[in-house]
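These notes open a run of structures that come right after.
Two complexes come next, and they have one chain in common, chain A, joined by chain B in the first and chain C in the second.
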Partner chain A sequence: MEQTKPFYDFCVPFNKDDKQMRAILNELVELGYKTIAIDQSFDHSKKDAGKRGSEMFPAPHSIEHLRKEFADKLKILQRITILYVDANLSHAMSVSYNLRKFNLIAGQPKTDGALTHCCTTFAGDIITFDPVAGSRLLVNRKAYQVAVRRGMFFEIKYAPAIADSNNRKDMIKLAQNYSIKGKSKNIIISSGAEHEFQLRGPYDVANLAFIFGLSEDQGKNAVDRFCRQIFLRAESRRLGKTIMFVKGNGPIVFSDSSDENQSEEEDDEMDGVVTEMSKDGEDEQETDIKPANKRLKVE
Partner chain B sequence: MGDYYYFDVKVKLRYPEAVLFTPIYFRGCVLSALESFFGDLGGKTQMDIVKCCSKQHRIIFRVPEEFFERTRTALSLIGHYQEVPCHFQLLDASKTVLDFDKDNAEEVARSC
Partner chain C sequence: MYISVSIAPRSLRCNMVRIKNRYIAVQIVPYATKQTLHLKDHILAKCILQNVEKHYGVYGLGVVEQGFRVKYCNERTKIAVIRCVHRGQRFVSSMLPLITLIGDLRAKFRTLYIGATIIQCNKFIIKHQKQFLDRFMGQVESAKERQDLFKRVMELDMDR
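So, the complex of A and B:
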């Protein structure tokens, strides 16, 4: 299984300036973050109508040099935030090859219709909002519950709240709406920081959650456990049906039970084992072990 | 002693040479942040500076226990110090009296 370590920051906007990007990543390391996602925005509504149907999503920026540089300090993921106004997006997303190259997909609705679509059918992981115009769109209770049931997470960014007091009011209003409509379920907090001075430590962020109407547990989960859940969900969406190899360390191996003779032999073998175990004084376990005998073989 | 919470804060600045770092200015910055976030009552927070190192931009101060959460929130939300982008990094917060690290206490004392 893909390993990730806490803490998480799933929104670090991509910056073309490598020096600035490095400064942000170094600050993240210093503050104690271990898994981050570099965010790339894409405005679907500005796309030409003629290009629809073909590959419309951009390929992820090349960040291999940063991954190598921070290999032992940070796990760097890539995320795309899709700004959109209509539901025509779904088909384009399902056929896009570029979209699969991103670890995380976030939706940023621009209209009420898009917000409802985002909560009910959007094939992504995160629902985010424009910090400038975010408070104009408030999610309703039903859509919120559907989104929670689908395993979607709502994102709150704290950097705009640091940069400007008007944005702060908007973010608090948005967050309080989450609290009223859905008890602040499935909420993650990420930075959205343009420069390193807008970053805050994970414990400070968990404390900031108080003003966003989250409880202490929800605040901690917003930078830790929920982000891990998003990552796992995103990985399963990317990979689809997969073959898993399970390696056991013990002496017991799984065997094909289709051959009846063989299974009988196995039964005999297991009976022996059970008798030996019962001799050791664990008589109570005998009944627990017997039902599994047909599927087990002892080497 | 248990009535106070102690904060150990380091101020990271984009242009450190462009600001004047003194306990008074620091106190003013934090109190104005408290007032803007939590209104007049927030601005009335009692705050005592315990230690300050101007060269390292590091400061230890204390607030009454009931103001702990709002002070910490205000510290997190401060983005500018004398109009210079900054980060008030909370190194430690405790109910017991804090001091600069024992290992480099002498060094800090000398530099201050």
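So, the complex of A and C:
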């Protein structure tokens, strides 16, 4: 299994200015984040619907030099946020090749219909909201529960809430709505910070969760465990059904009952993940992952 | 049969109540990194209380104000310890990330540690400062400067 370390920040907007990007990443290291995702926003509704079959989604920005620079300090993922209005993008998503290059896919619905679609059938991991346009979209109870059952996560961004008191009110309203409709299940908090001054440490974020109506546990999980769950889920979607070969380089020890308990716990962690893994060894050295599905090709 | 059971009156039993405090160790990170900090503890206290009132209104201020105190504030290492009562703790800690202006200085707070006794807080700060020293001792050349830095960073007086 791919290793990730806490704490997580799954929304760092991409900045063309390399210097600014570095400053943000350095600050993230300083604050104690270990896994982050660089966000790239894409407006689906502006594209003309005439073109069918061709590639709709942009290729990810090249961040190899950043990855190399922060290799031992940060694990950098890539994420795309799709802004959309109507439900007919699911076809485009299923045939897109570029989309599979991203680690995480987030949806940002603009209308009520899109929001319901996002909760029920959207093939992504995260549902996010525009912090600037206000909270005219509020999720209803039914859709929220469906989304929770499917393992989707709702995102709250805190940087706009720090910058402006009007946005703060809107974000609080949105977050309290989750609390009312379904006890704030499946919520993660990420930064969305344009400037390094808007970033806060993970413990600060967990404390900030109080005003978003989350309990202490939920607040801490929002920057830690839930993000790990999203990552696992996203990886399993990217790879589809996989066959894993596990090679050990020690003597073969037949597992006793205590080992079995451990593997069960791991299964719990991966709740909602559809991958079928043949075996998951503790002492795995090399894992070869071969996509068994034809349509899934991962580089 | 007569069994004598001696139970203290309720009022007596409840007399031994411990006042629970929380000590929050924070670091102050100024907007411009090279800035020197002129920060007195009363400015810090005023700023935090003002922000509590801004976000939680008069009720929040009432809960927090009793027992609120800035116990320690070091301008050089930019570390402060805030004491508040246990029940007001979440009002204070949840609002610290929202502050961007302390007095007339653009700065943000970074929560380092929340402890129940000041001794635990002290222990943590000393550990934190040692880490800080490990990183910056290498950059200082002369032995005297090094001693100076050590003295500046490790000074702790909690008698406020």
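In this section, the second predicted complex is superposed on the first by the 243 of 299 C-alpha atoms of A that agree within 3 Å, B and C clash if a C-alpha of one lies under 4 Å from a C-alpha of the other, contacts with A are read in each partner's own complex, and residues count from 1 in each chain.
Basically, a residue touches a chain if its C-beta (ideal position, glycine included) is under 8 Å from a C-beta of that chain, and two chains touch if they have at least 3 such contacts.
All of these numbers come straight from a predicted model, not from anything done at the bench.
If you put the two complexes together on chain A, you find that chain B and chain C bump into each other.
Taking chain A as the reference, the larger set of touched residues comes from B, when chain B and chain C are compared. Looking at the shared chain after the overlay, A:D204 reaches both chain B and chain C. Shared contact residues of chain A, touching chain B in one structure and chain C in the other: 31, 161-162, 168, 197, 200-201, 203-205, 207-208, 210-211. By the touch rule above, chain B contacts chain A in their complex via residues 12, 14, 36-37, 69, 72-73, 75-79, 85-87, 89-90. Chain contact summary for the complex, chain C toward chain A: residues 31, 55, 90, 93-98, 100, 106, 108-112.
Of all residues in chain A, only 31, 161-163, 165, 168, 195-201, 203-205, 207-208, 210-211 touch chain B in the complex they form. For chain A in complex with chain C, the touching residues are 31, 158, 161-162, 168, 197, 200-201, 203-205, 207-211.
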